[in-house]
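Got some structures for you, see below.
Each of the next two complexes has chain A plus one other chain: chain B in the first, chain C in the second.
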Partner chain A sequence: MSPETRRILALHGGLLLLLLGLQFVLPAYHHGNLARIMVLASYAIGYNILFGYTGLLSLGHALFFAAGMYGMALTIQYAGFSPAPALLAGLLAGLVVSAGLAMLALRTTGVAFMIVTLMFAQAGYLSILYFGEYTRGDEGFVIQTARRMLWGIDLSDPTNRYLAALLLFSVCLALSLWLVRAPFGRVLVAIRENEERVQMLGYDTHAHKLGAMIVSGTISALAGAVYGLLFGYAGASFASVQYSIFPLLWVLLGGAGTVLGPFLGTLFMFYLIDLSSGLTTAYMLIAGVALVVLTLFAPQGLAGELRRRLWGWLP
Partner chain B sequence: MELGPYILLASLEGAVTAAVLALTAVGLALVFGVMRVVNIAHGEFFMLGAVIAWWVAQTVGGHPAIGFAAALVIAPLAVGGIAAAADMTILKRLNYDPERTIVATIGLLYILQQLTLMTYGPEARPVEAPFNQRIALPWIEHGESGWQVIWPWGLGTTSYKLAVIGAACVVLAGVWLMMARSRLGLVMRATQADRDMALAFGIPVERVYALVFGMGAALAALAAVLIVPIQQAHYLMGADPLLLSFIVVIIGGLGSLPGTVLAAVLIGLSDGIISVFFSPTLAKIIATLLVGLVLVFRPEGLFGTRRR
Partner chain C sequence: MSGAPLLSTRGLSKHFDGLQAVRDVDLDLAPGEARALIGPNGAGKTTLVGMICGRITPSAGRVMFDGADITPLPAHERIGLGMAYTFQITSVFHALPVRENLALAARRRLKGAAVQDAVERALARVGLPRDIGGQAAGNLSYGHQRLLELAMGLVQAPRLLILDEPTQGLSDSEIDGFKALIGELKGATTILLIEHNMSVVMDVADRITVLDGGTVLADGTPAEIHENAAVQAAYLGTG
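Let's look at the complex of A and B:
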């Protein structure tokens, strides 16, 4: 094992151990917040694989998040599934939706790709509203506590919820770390930097982008399914444009194309909005200002700056 | 009412939608055509136009016509100014990179929307129309005694709605004349055709960009002032015009002005007629899917010609 690999493992493993330790010391409010942040950070990790590493800016990831959430929630509600197969159903829904959208949207590039993903996500959101009889539209529906017992573990209990969120986050973090250091991930970064050159070197760039979008969408869907299960609620607002913008914001803030960036960005933005919503109802103003300032002054984000200034080895 | 008069009524309403939509979409198409950037905040400039119109009408007072006339001048100028300032402080520094511009205009969208929420509040407020006579419309029907003219109940429009259609036509003709005949239009078209060559010939490209961005926003604001006596001003009202303008610009061939106007009329009229028969949500689902699929399979737009 090279010293670089050892350092990387120590840093990321250390973060997970720290999060595990925090479970025992955090006060209830922040404990609940951190569980939420870890699930949302998993969503951001999924987004980062497509945006940060492959260089494809999607404005429609809420479609995948919602596909996972509703794939899980609807099968629990109407097909009487228990949580484990319902999570699998959410995962599969995300896989199918992301594969379908990838095949269509990857025929376009650049701005057209952004608009196509935005439009399909919007169509998905409107469809959830249209089938309000089953999805309960904007109002959403609550998944009963009795239905949220996974192998005898009550997921509505704060400690179990925190540990489940940590488990999801660890899996996503490890997967993303492994992926970007594997040959597949290297090709994705190369596509981001110069697609034509990668093509000329004999790689099938379209297949790689397809793979990246499916992996990214499926991780996002898994995060959506777990979010619905842990917090016992599914609603159309999770499919709205805002939830496509959020992961972009988190990843930009934390550092696109870094493994830790999505977590840092989610943590920062969550508390920024949490604090400001005490002051004003117009808390999305913070998100808007953050977007503009980030694109102007720090397109690399927190972890990106860290990599540039201190730790050149950061993956 | 029977089907015939019903469709006439729907197409009249559709013509008003089309007129306002054409103005908004031409603003977006102008920005996209000349600057090659997608302005996601375009709907918010529309919303700002309506909100400023309410504010002006409220401040001026007196006869509704005076307030409305003042709003017709002040709102587009103010919104155009805000947009030009945003262009010079934000977009210019991004070098008009298409992807980063989209992210920045999304940020701008939230900033404008939330600032309006903080100052103007969440209420929807109307602006009084300067004139508003009801005009009943006749319908020809084949009755017992041959063809006869009847006046079906509910079939009618208002003088204000007709004036909106007329005003939109005048403004659109003005924009076309400016682009096709004036020196300013020539400079804009030169910048559109080849930015670097225009720069080499001494055209102040950055100032042209600021002007175009401001003008695009001003057109959206103007459209909003025209519609605000019919629809109320609200801080979330920008979403629908944005979506519809996108549809129009993409179907109309990305940046081509005549194509955009044609598409606006088509979409506006069919929107009025479709919403009579389908639920509005279903109509929107179909419209968004259509835009996505057109971009995937005909990226040059339905009426556009293939570039490159």
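Let's look at the complex of A and C:
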């Protein structure tokens, strides 16, 4: 193992150990927050694979998040699934939806790609409202505690929920770390930098972008499914355009194209909104100003600046 | 020249809107030969090789490689068959380290430790100093970026290497190194070289094709081309 690999494993493994340790010391309020942040950061990790590493800006990832969430919740609610197969159903829903959208949207590039992803996500959102009889539309529905027992573990219990969130986050973090250092991920980065050159090196760039979008969408869907299961709720708001913008902001703030960026960005923005809403009702204004300041002084995001200034080896 | 050609084109043509950039070009490259493609600016050289390697869709005509018609194949599949192309306008990955640029080019055919070996060999072969391997390609001098572009072609170990003005921006000593390199490759690798520097052309080419106004003006050995009056006329003042 090269010294660089060892350093990378120590840093990322260290973060996971820290998060595990925090389980035992955090006060209840922050403990609950962090569980939520870890699941949302997993969503951001999925988003980052397409946006940060492949350079494709999607405005429709809420479609994948919601596909996972409803794939899980509807099968529990109406097919009587237990959590494990329901999670799998959410994951498969994300796989199918992201493969379908990838095949359509990747015919376009640039702004057209953004618009196509946005339109399809809106269509998804409207479909959820349209089938309100089953989905309960904006109001959403609660998944009963009794149905959230995974192999005898009660996922509504804060400790179990925290550990489940950490498990999801660890898997997503490890997966993205492995992916971006593997030949496939290196080609994605090269596509982001200069797609024509990659083609002229003999790589099928379309197939790579297709793969990236499916991996990205499926991770996002898994995060959506876990979110619904851990917090016991599914609602149409998770399919709204807001939930497509969130991962973009988290990733931009944390550092697009860095493995740690999605977590840092999600953590930062969550507490930014949390703290400023405690101070004033105009909390979005404070959040907005902070975002502008960060974009001006750390345009590459938190982890991106870290890489530029200190740790050139950061993946 | 004997044996079946490695590369052939028949009636290859391209027009951009009204402009006929390449008209009805027939070309045959024997395995192992070094062919120079020369002609004044705007003659259609880059467009012609672009159609050969799949960057540009022809308006008419066919491309045959190793006995098969590859006209319908996308660029990456043609590269996969053993072509490599180096860009006239340097096209490296600016934000990525030099070694990663080369590794990307090598990994399509190699795995694991063999990639690093091939990368180091390619660096040495074009005469790039080893210690720049960790730098971002965008920080290299123009000449070094040209050499990197060349190394990215070499590291693919292609059967047909297409070089679009590789010596542009190189120093005299680097140009000498380039001539020696082509001398070594020749025979094992078929080379299609677009080149403005006539000393390079005369030194390394087995045959020369002269393109002017999109059509083949002349085709022959360096000595024949040297004698050719039409070529002299086309080149007057542009040598």
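To be clear about the criterion, the second predicted complex is superposed on the first by the 294 of 315 C-alpha atoms of A that agree within 3 Å, B and C clash if a C-alpha of one lies under 4 Å from a C-alpha of the other, contacts with A are read in each partner's own complex, and residues count from 1 in each chain.
Rule of thumb we're sticking to: contacts are C-beta pairs under 8 Å (C-beta built on N, C-alpha and C of every residue); 3 or more make two chains touch, one makes a residue touch a chain.
The shown structure was predicted, so the numbers you read here are calculated from the model rather than taken from an experiment.
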Examine A:198 and indicate which partner it touches, taking first as chain B and second as chain C; both and neither are also allowed.
second
Looking at chain A, does chain B or chain C touch a larger number of its residues?
B
For A:183 in the superposed arrangement: first (chain B), second (chain C), both or neither?
second
Contact-wise, after the overlay, does A:105 reach chain B, chain C, both or neither (first, second, both, neither)?
first
Could you please specify the touching residues of chain A with respect to chain C in the complex?
183, 186-187, 189-190, 193-194, 196-205
Chain B residues within the chain A interface of the complex:
38, 90, 93-94, 98-100, 102-104, 106-111, 113-115, 117-118, 243, 246, 250, 279, 281-282, 284-285, 288-289, 291-293, 295-297, 299
Given the complex with chain A, which residues does chain C contribute to the contact?
53, 55, 74-76, 79-80, 85, 87, 91-96, 100, 103-105, 107-108, 152, 156
Going by the contact rule at the top, pick out the chain A residues touching chain B in the complex.
57, 59, 104-105, 107-108, 110-112, 114-116, 119-120, 122-123, 126-127, 129-130, 245, 248, 252, 280-285, 287-292, 295-296, 299
